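In the two complexes below, chain A is the common chain; its partner is chain B in one and chain C in the other.
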Partner chain A sequence: MDVLGNYKSVISARSTDKDITKKSQDGGIITTLFAYALEEGIIDGAIVAGPGDEPWKPEPVVATTKAELLAAAGTRYTISPNLNLIKEATRSYGLDRVGIVGTPCQMQAVRKAQLYPIGMRDVDDKIALALGIFCMENLSYQALEAIVEDHCNQKMESVKKMDIGKGKFTVYTERGAVSQMPLKLLSKYVQPGCNVCLDYVANLADISSGSVGSPDGWSTVFVRSMKGNAVWDGAIAADLFETKPMDQVKPGLDLVTKLATEKITKNQKNVDARKTFGLKADGTAKGLRNPYETP
Partner chain B sequence: MSKVVEISPTTRHEGHSKLVMQVNDDGIVERGDWLSITPVRGIEKLAIGKTMEQVPKIASRVCGICPIAHTLAGVEAMEASIGCEIPEDAKLLRYILQCANRTHSHALHNILSLPDMHIPGTDVKINPFTKEEPVRSAALRIQRLREIAQTIGEIVGGEAIHPSNPRVGGCYKNITPRAKAKIYDLAKEGRLLAQEHMEFMISVFRDFQTRGTTEVGGVEVEIPDDLGYHRQGYMATAPMYGSSSLDANPTWFPERFTEVRPWDWYMGEVEISEADPNYPIGGTTPVGNKAWPQMEACTGVPLYDGQPIEVGPRARLVQFKNYDEKGAMGLQIARQMEFPDTMYGILDAVDALNTSGPVVADKIPQGDGSLGWAANEAPRGTDVHLARVKDGRVQYYSLLVPTTWNFPTCSRALTGAPWRLAEVIMRAYDPCVSCATHMLVIDEDKRLVAQKLIQ
Partner chain C sequence: MAEKITIGELHLSGCTGCLVTLADNYEGLFKLLDDYADLVYALTLVDVRHVPEMDVCLVEGSCCLNDKTSVEELKEARAKSKVLVAYGGCAAYGNITRFSRGGQWNQPGHEAYVPISEVVDVDLYIPSCPPCPQQVRNVAVMAYLLLRGNDEQKNLATAYLTPLMQLAQRGNEACGCDLLYDVINQGLCMGCGTCAGTCPVRAITMEYGKPNVNRDLCIKCGACYAQCPRSWFNFDVMNNYEGIMDAINGAMQ
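Right after this comes the complex of A and B.
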């Protein structure tokens, strides 16, 4: 199995828009692409993880301006149910061309809704641009609070940025402090549903982007579909990105491949283990459900 | 010597019904019974004890052509019972939804009635599936009108079939300025199409009125001038939307309503003594079969001022615009005349809509068991829901649905028509038999006698 999915090209890139890179997690790829797509009429709104009612708790919103996109920039390491708005965006919001950003599982949901629209009337043909972000695993809000407030000993309100990389969960505060937690402590906080996920780099997105493989401040970008390719070419022609060929950056695609392989291998084991999770009275195995198999 | 002929099932309308007719030697109906044989689903019984939020969503599932009528009448009956006034912008959203649904429903009904009609000036019957002109462009226009209407309904109602946006106390969501602009554009396109389409449809029905005969299953049938005439009255509560017991001057009067059992109103047991195996398609019920309308009818017989009455497009035009054309074609033409008003209604309402206004009432009382009712002018006529809500739960719920009102009236209108045209008369009422079939039957002493039907 190809752990990186199908793609036309992979590039290391960073936005040339300083307003965006000031706020973005890495290279500002998603924010820049949506801003470009809005301006060009490729989409007329994008479902993004906007600010919620508690610090670092995202709330899905339909963004129709660059200001709303900027408010959603940056990674929040907790659940944002972006698909909640996928139908509503085509209803009271009146959108005809919907953009949506999400983790690999959310891209899977988008594609499934397009091919098997169950209670999803008029959604399938209105998905105009689906942007995926790399995702190793996610956390509940309570888990994030425990990590930031207990392990890292920082107030959620003071945090400017959170980052997972180089084996550490790192918290940066507005006033300059940096706290870290080793990633090996993370596993008990991970959303259990993440343990059966077999997708690291958002294989089903039009374009997917993430930090791994590129230097700080840059993103690794997979351009996957025809639609994604057209949008990417347009954005490059409009000088919205600085790019470097992937084979000329460190640590490069090898690290992406390595992490993807690790995630999939580990989680495939979890999937397989579900089959023999329990025992029947006669001593034979009784399993848990496997969504990847037909029952 | 009169004979009995039965068409079962009837076609090109919603639901499951049949026609049992006593005819004379010339095949003219002396007495006709048109009755629902759709299984009773018992919405009104199972509503009892459920929350006032849930019941209108269940009632919506009575029918997928006019779910808007049942959702809105249901929600507004709850609001009438608890005494909840909803914000102006929520009313406007509901009004737009109402207009959009009427457009779609009337246009859908055109597809059902066109095959009875002829291309004006010719003997060619209209087949909506043909690729030939002028039928092709009419069919495409119908589909575009329905697409426009369902899209508008989807924006304001959350969903075109079983709208999700209406709730007790108003609506869940207002729409965005972008959505408002989209509705404008769609309604402007729809207004022109609706005008064009109305003129086309009226010319088709006028042509049928002036024809001497029409062919049904290989038989040339004479069309009487008074096809579908009846002497019953009309009932309508509004030209477009409806009325409720919260209104300062309600336009429907519960004290004028009574209901009798099919037992009291329909024919007794009869034996089929006439049949036509060539009646399209599949023939009528073979000779020797029995029919028992009294026992088989799955609706009550609602009366207004002690009489069956007609509801629907003509009733609205008679009540509010002095329309005076009778008969089946008169009813069909009245329906087409409602097309432009739906689109103008949407344009006016969307103009008045404030997209940043609140759409949920500040306070939603939980009810003290008072009786409230709401009438919605569904595409097919007055749809009245009555409810008692106490502590947020439904204690009593009853639906008086348009086609329930029309069943006995239409049965009377069959008299004097050749039996082969009985379905043409019935279709003029745009029947929605699922809607009409409900459980609660009340006899003269106001006791529940639904048990009698189940025995």
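Right after this comes the complex of A and C.
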């Protein structure tokens, strides 16, 4: 499998819904697709990263209205444990058709829960739409605070948008200030578990979306599964997206491929290095665990 | 259609919740029994008194070392089965019987309960309390493909069953602490929340993106670690999730 995963089509797109693009991170692909799927009865709720009890701290929620989806739009560069709700969504929430958004690792968790449902009774066939967002790495909340408050000198509660791109971590405040931190300072803040992650563009999602490859305000969208294909075709027929062929936008798919290759190559090296991390008494190497080989 | 395989369920110190789980496949259970497997042993459902020869034996419950019959039946089941499955948290990890310590009427001496792998070799684990109907169904379908399928199906079944067999090799101690020892302490946790979502007793909460285990609530069923995508993640199977799910659903039509 190549670094971009299996997909049926890749498109540059942006939502035609201005309420959504005002709040969304990029082209509003995720929020628009969930809103459409709710309206069409394809899902009856979606697990998204809703507002939490501290500024920019996401809290997984089951959204059943467009207003709740809008409240969760945009990127929070910190962990939102969306899988925490995957079983509960089919219990007290009573959902039969569950939507879920997540990073590549969270899409992996969804597929494992479907193929090997160990403590996930009745979940496998209730996952109706799994939408992935591209992800290079994630941060703990405390790491995000350090970046915003120490490096960018802004208060968390005054920030309107955060963005990673063009070599910078950029913070935009409500009152119009823009502060940046060079991305080369980011590595010590990265969540350690991200260093063994071998997926950049959410290879196991039904549809995945990210900013890289497309112009500002637009998204790069991979339509991957049969389910994803049906939902995407429906949304296009309903005029929910403006689209451009991927080969007609700049910087285009080459940059996506380049970044995906870089991430996977670097992290595969990290995975391999774990094998010889330590030292045995006989002079041979003592290793750390590799989840891609054995539990 | 190839000849059916034979499946049995040996009930040791369990609560029958695991067997109910199998039955909770509803019409899926009938499909399994019509086309893929004969249920040749299960004291709750079948009038067969003694442990027979079986292709697959699902063992439910842990083994009481102070109860001779349990130990003998378990050893007999091992000797007579091709594939011995620790079915559910009790058989695999001891689960709630880990807390047994005797002193209750009318067998105050019944105090030593062990996961079945303390007594016999186990080929495969299906952890959790209760396990999932869909998981035992998948194992049954894959066991059929393994024993009766063509080469391609055998390969698929082997790939699918491998991590569950590796779990059986890994050991028989389970606890929410596994997430500390083998995921977080190993630098592998990425905060997805699966463990918290899967725990049957809500002993795990996510605090600032990492699991926090209330160990006095944990019943030691092994679900959280086994379901965690960083305990194992076998790309060869997962990358083909759509095809495999279609195949299983197709088999159950």
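As a convention for this text, the second predicted complex is superposed on the first by the 293 of 295 C-alpha atoms of A that agree within 3 Å, B and C clash if a C-alpha of one lies under 4 Å from a C-alpha of the other, contacts with A are read in each partner's own complex, and residues count from 1 in each chain.
The rule is short, and it goes like this: contacts are C-beta pairs under 8 Å (C-beta built on N, C-alpha and C of every residue); 3 or more make two chains touch, one makes a residue touch a chain.
Keep in mind that what you see is a predicted model, and the values were worked out from it rather than measured.
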{"item": "First, second, both or neither for A:193, with chain B first and chain C second", "value": "second"}
{"item": "Contacts of A:88 with chain B and chain C, given as first, second, both or neither", "value": "both"}
{"item": "Which of chain B and chain C A:138 touches, first, second, both or neither", "value": "second"}
{"item": "First (chain B), second (chain C), both or neither touched by A:12", "value": "neither"}
{"item": "Touching partner for A:267 - first (chain B), second (chain C), both, neither", "value": "neither"}
{"item": "First (chain B), second (chain C), both or neither touched by A:44", "value": "first"}
{"item": "Partner chain in contact with A:64 - chain B first, chain C second, else both or neither", "value": "first"}
{"item": "Touching partner for A:122 - first (chain B), second (chain C), both, neither", "value": "both"}
{"item": "Superposition-derived comparison: chain B or chain C, residues of chain A touched", "value": "C"}
{"item": "Set intersection of chain A contacts, chain C complex versus chain B complex", "value": "88, 121-122"}
{"item": "Touching residues (chain side chain A, partner chain B) in the complex", "value": "44-45, 64, 88, 90-96, 121-122"}
{"item": "Complex contacts: residues of chain C adjacent to chain A", "value": "21, 24, 126-128, 130-135, 138, 160, 163-164, 166-167, 169-170, 182, 186-194, 196-200, 206, 208-210, 221, 223-227, 229-235, 237-239, 241-242, 244-245, 249"}
{"item": "Chain B - residues contacting chain A, complex", "value": "151, 154-156, 158-161, 165, 173-176, 178-183"}
{"item": "Interfacial residue positions of chain A with respect to chain C in the complex", "value": "1, 5-6, 60, 78-88, 102, 105-106, 108-109, 111-122, 124-125, 138, 140-142, 191-198, 203-204, 225-226, 288-289, 291-295"}
